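All chains are identified by letter, namely A, B, C, D, E and F, in their written order; residue positions are counted from 1 within each chain.
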Amino acid sequence: MKRAALGGARPVLYHQSLPSASLPEWAAAAGYDGVIVDLQHGEVGLEAACGILRAVPRRNPYAYARVGSLDPAPILRLLDSGARGIVAPTVESRTQAEALVAATKYPPIGNRSLGPSRPALYPGTPGEPYTDAGNRAVSAVAQIETRTGLDRAEEIISTPGLDSVYIGPADLAVSFGLPGRGDWEDGPVREAITHLRRLTTAHGVTLGIYSGQPAYTAGLFAEGLVDYAGLGIDLVLLNRGFTDTIAGLGSARSTAGSIS
Amino acid sequence: MKRAALGGARPVLYHQSLPSASLPEWAAAAGYDGVIVDLQHGEVGLEAACGILRAVPRRNPYAYARVGSLDPAPILRLLDSGARGIVAPTVESRTQAEALVAATKYPPIGNRSLGPSRPALYPGTPGEPYTDAGNRAVSAVAQIETRTGLDRAEEIISTPGLDSVYIGPADLAVSFGLPGRGDWEDGPVREAITHLRRLTTAHGVTLGIYSGQPAYTAGLFAEGLVDYAGLGIDLVLLNRGFTDTIAGLGSARSTAGSIS
Amino acid sequence: MKRAALGGARPVLYHQSLPSASLPEWAAAAGYDGVIVDLQHGEVGLEAACGILRAVPRRNPYAYARVGSLDPAPILRLLDSGARGIVAPTVESRTQAEALVAATKYPPIGNRSLGPSRPALYPGTPGEPYTDAGNRAVSAVAQIETRTGLDRAEEIISTPGLDSVYIGPADLAVSFGLPGRGDWEDGPVREAITHLRRLTTAHGVTLGIYSGQPAYTAGLFAEGLVDYAGLGIDLVLLNRGFTDTIAGLGSARSTAGSIS
Amino acid sequence: MKRAALGGARPVLYHQSLPSASLPEWAAAAGYDGVIVDLQHGEVGLEAACGILRAVPRRNPYAYARVGSLDPAPILRLLDSGARGIVAPTVESRTQAEALVAATKYPPIGNRSLGPSRPALYPGTPGEPYTDAGNRAVSAVAQIETRTGLDRAEEIISTPGLDSVYIGPADLAVSFGLPGRGDWEDGPVREAITHLRRLTTAHGVTLGIYSGQPAYTAGLFAEGLVDYAGLGIDLVLLNRGFTDTIAGLGSARSTAGSIS
Amino acid sequence: MKRAALGGARPVLYHQSLPSASLPEWAAAAGYDGVIVDLQHGEVGLEAACGILRAVPRRNPYAYARVGSLDPAPILRLLDSGARGIVAPTVESRTQAEALVAATKYPPIGNRSLGPSRPALYPGTPGEPYTDAGNRAVSAVAQIETRTGLDRAEEIISTPGLDSVYIGPADLAVSFGLPGRGDWEDGPVREAITHLRRLTTAHGVTLGIYSGQPAYTAGLFAEGLVDYAGLGIDLVLLNRGFTDTIAGLGSARSTAGSIS
Amino acid sequence: MKRAALGGARPVLYHQSLPSASLPEWAAAAGYDGVIVDLQHGEVGLEAACGILRAVPRRNPYAYARVGSLDPAPILRLLDSGARGIVAPTVESRTQAEALVAATKYPPIGNRSLGPSRPALYPGTPGEPYTDAGNRAVSAVAQIETRTGLDRAEEIISTPGLDSVYIGPADLAVSFGLPGRGDWEDGPVREAITHLRRLTTAHGVTLGIYSGQPAYTAGLFAEGLVDYAGLGIDLVLLNRGFTDTIAGLGSARSTAGSIS
């Protein structure tokens, strides 16, 4: 997200992979600032994503969507449905970063075309063109989550119109030949965080990261390493609840059959 | 569920209110025996419910659906999609119990009509009519969750073809003028459990109950008060995960905005 | 269907249980006159059914839908989407037949309410009220498919506003304790056909029947026992194609695994 | 499919173009080994395809999906929903084959990213990384179905990580200026089969082909020309059923109207 | 709607028959107070209706839904999705009015059951039970739109827990044998308005009416005959736009073909 | 659209952004020749678009769809569902125009693959290959709506197999730094129209334009500047209806609350 959208705070968003329109309200009630609706992994298709975004109040600036590729067609519809930021996975080149900006920003920054967006989504200031207000309201976020992306981080980060970098630590670990887990205290993923912090600060874009651990996230915040965080995936949180609940039965557990 | 379906054990099912086809597999991996897909409350419509039931392996006997009323139309489609039990909410009379049986059982027990069910869903034994095998495979479950239902428990429980009673403790509490919570150690809801245990045993039907607390459920099992349990609702478990995660951030929490 | 809709011919319709919008056109190309979209059995929900009906040209008078119960809500939406007839399953009383007529006919015959139907669906004649044209265009069809229905056939058939009776031979057989098959040359199902032929002729309503066998249907037509027929279910026809195709492989068949 | 997936046999799959979740079970009951869910042609969209794949038991290794293009976004979701193979249409270059592998395989072979797949979909062996097990479980299949694809067959077939080639004989015929039919005993399509058999054997990848005729398929199996087959399209089989049924009416056919 | 919900004003709602989640925001921008999502007529099914209701901000008290029948199943899901009022069509008896109240109100007024509603939908006052707050927040609205309903108006209006009557003037006209139009200055429909105004005032419930004409509505408001209005149907307004636009082409109109 | 499709007239189509299957019939009743179903902006997803196209009679040659990008996957399904033309947004190069032709035309013009289209969609003349009839029936339409597209107009327009150019005046204005409105009497957008008229005439392709004003469109027709027009967007027409209706209330307007 762009610096102005931080609002002087450290927003925390969850990843939504379940096609439920009610989760954003419940997450907000629990204290979340916003959501990254995930179209790359999970069960949320384009129509469900548009519905979920419409269930988020228009004034909430943290209604994000992660797309599965740089195809501009779904990006346009997500933006028209109220997405305030588009997260592109696995960005590995300047060309890809430019394609993201082209799809998410109106001219002269990109080439997003005009269409009937949610009314007053981008109120702007008096006299300001609608397209300028739109460009201020929407963030273009590139995920860096591979060694290749890391190697080309500066050409990506310096792309005009790019607002933020979002680190995918598990995929980044896999690309280093490490296990696909997310919360690294050292090693190449941790070094990548520090490196990207420096680069993003230098180029005036913000930095976010996904984590499944609140304590780990708090640590990154305390060290000033990231500006915002994706914290938790709905399905993972629910699975933990399933497991804990069954564990709570103790010896009363008496397996009768199995869904699997 | 009918006694034969217990398999000599105490099956534990979760309530599914989210329209996700992946949850049954994850719940099974976590140790659940089955699912009650909820069409009464939550976001699961009829088409989603049919899809969820089809994602449960055919041999799993604990694929249940709770309907929102006694309209036979959705019941038929749920059964054809693989539901092994239908839970009817708020049954308060013999007439309603009979309507449930009529919709869920083939003649001569009920008047479910023939249609193309999932192949081999009811394999039966050699020579046995398909309709008899179907009647053995499918359970008719009446929820008793109001004072009126409790008062008429015996006329309900003695309905020919009824297989089980499922207690809704929160709604039952509300009907007694108590708060709408579920896990009662004493008072009228607790007395209702004991009363229904006696009646169901006398009439040869099984007894289940919803609970949100594994320890409470384990206690009921230990006392032999119920035969099976609904334990946990997906949305409630997920909300707990949301809340715990945000709490885990501690002082790093810095509210930027709000979805609400 | 009402006598005027027969057009002096013997219309043949297929039963559609698959949620495909393309089947009506293919069936028409194969020679079918129309379709009975089935909401009682199979995978066609209300939204899919409305879409299928809209894919049938407005001038085709044989776009029928079978509902799963007498709830008027889906009936209204099916009619507004272009259904030219509603088939109600398992009608067993005058009250049920009247409920069918009430839901499908405008006043003064029934109490269908006004709403935005497909334009010019009921063109009517100059000066004729829209509601009268609508009542002429839409047929109310009661399925008789149980012994009870048969016993009360005359009270059902004489219901004002009822246009046709449709025999469900498989369910009728089951209600007689016979196997659930459809094409009977003798026995109580055959006798029921003859009986219903007499009664419907006497009361001026038409008679149709479901069959899976064209030769059997041709025989009924030749004897003048029915006016129109449901002939074949998409899923059954497709399954026959699956089976024949695998059989055609002969010894080349080499089972590697199994979906089941 | 990869050689290990053949299981020493000649798997036979059908093409599914109808958005029905029940077909895989019926096809398996009829003897099919698996399914190619078709997102390129027909009525199956991404959400329907994911639902159909989830209705196939997890242990079935022949749950395939054909996509309409090389956009990685739908490929990821299909894999997460349980697809065990992705068929890419009209592959005509090494670059396209590499894109297919990149989207379907985890690092180091491709760059598929981690996400919540169906639990235990890729059980692997003890100690094996999840990504390796995933790469063993999923096949990348390139369709060669144009003259251009045929001319560049070797560069396509030798792509690291590619598991199989699937011949589209009708499109191949059209690209030779021949009629768009599929079962060729001689001419350029037949020569292409022989040629691709040699090339795929040389490079250790398997070869499959679509056919609508079981006898033709049996012949190819007998000659060892292909390892597996797509045999029949649901819609085509159903249309044959429609046509045969109407023909079976003979002179009883009395056209009343027409859907078309 | 209940008197408290009027807020001292005369709310104006539109009828939504198109399955679009964006219309409520556009209508609000145009000055509408709220919406009646129509499940009786048009193309809005239950899932679409729930999505539309979730796209209306939680604090808006005029998010209404009209159901197609008194089946409590869809009513429950609409309420859980945020509906603040349920409009039941063609209420003609005390029994029907009581069924409406039973489905929409928690005990002790009705028997709506507890379920996970949109968070904080019914904030209530400190100490107040959630069920009481829910009952204050939700309105039960009976449509009177037939002669029978009119004849039994007092038994309907005096039903405990009923909040409002909504006149359907076109259906009411048809039941009097008049044409199915809506805006009557005299005759039996006009007399019905006056009669119902007296009765509703006497029993402390509010009165609304549908109209397609703003001037007519303004007149009813000026005379104090109704408390709120449904004003315009989306599809009708759009059709008017279609017609006016084509008319604006004048002689440039040159028909090439036709969709019809 | 191709010249032959004009039928010697000036077809007028509307843009459909609402996911309603009933609009094409209503628009036709109002005098429209056809529709451009919009997948780029609005709420129409791929499945809805396919359903809308199937609700248009097969013989109507003006069933168009605008896609959001040049990804061939949705184009194929739209064509199979009955689209008679594909409008590609923001074409800016010969390569893009060629990709559009490749996706929409069968060999030898493009590389559209064979699949089960709506039966008899392209009847052709006796003896003519199906693929040739298909290519005659379907139009490839490139939108020119940016300065870059205008600069490269001739290389785009001269692409073999391209049938038409469609001007997007609002986006074109934005690309010139002008406000995003559509109906220009002078300035660079007007000059672009004249320029594109000359180029398209020279290369034998047709020219269309979007406009929201019938009088403006009539003017362009009178001057022979365009061959056909997109005239009006459903959502915009509906919003105008909302606004006019509220305005018609005058002083009776009494704001109670607000949806927004």
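Simple rule for what comes next: contacts are C-beta pairs under 8 Å (C-beta built on N, C-alpha and C of every residue); 3 or more make two chains touch, one makes a residue touch a chain.
No experiment lies behind these values; they were computed from the predicted model shown.
Trainee: Sharing over half of the contact pairs with B-C by residue number is what counts; pick that pair out of C-E, A-B or A-E.
Mentor: That would be C-E, since it shares over half of the contact pairs of B-C.
Trainee: Compared with chain F, which chain's mean CA position is the farthest off?
Mentor: B
Trainee: Give, as an integer number of Å, the spacing between the C-alpha centres of chain F and chain A.
Mentor: Centres of chain A and chain F (C-alpha means) sit 34 Å apart.
Trainee: Quick one: chain B and chain F, Cα centre-to-centre, how many Å?
Mentor: Centre separation, chain B to chain F: 51 Å.
Trainee: Starting from the mean Cα coordinates of chain C and chain D, work out the distance between those two points in Å.
Mentor: 37
Trainee: Among the residues of chain C, which are close enough to touch at least two other chains?
Mentor: 21-22, 25-26, 28-29, 43, 47, 50, 57-58, 71, 74, 116, 119-120, 235, 260
Trainee: Linking chains that touch, what shape results: line, ring, star, complete or other?
Mentor: Contact map by chain: other.
Trainee: Which two-chain combinations qualify as touching?
Mentor: A-B, A-D, A-E, A-F, B-C, B-D, B-E, C-D, C-E, C-F, D-F, E-F
Trainee: Residue numbers of chain C touching chain F in their complex, please.
Mentor: 21-22, 25-26, 28-29, 50-51, 54-55, 57-58, 116, 118-120
Trainee: Over in the complex, which chain B residues touch chain C? Could you list them?
Mentor: 46-47, 50, 58, 71-74, 76-77, 80-81, 106-108, 111, 113-116, 119-120, 129-131
Trainee: What does chain B use to touch chain E in their complex?
Mentor: Against chain E, chain B makes touches at 17, 39-43, 45, 47-48, 67-69, 71, 74, 89-90, 145-146, 168, 170-171, 174-175, 177, 179-180, 233, 235-236, 260.
Trainee: For a test of understanding, state which residues of chain B touch chain A in their complex under the given definition.
Mentor: Of all residues in chain B, those touching chain A are 6-12, 14, 18-35, 43, 56-57, 60-63, 213-215, 217-218, 221-222, 228, 231-232, 234-235, 237-243, 245-260.
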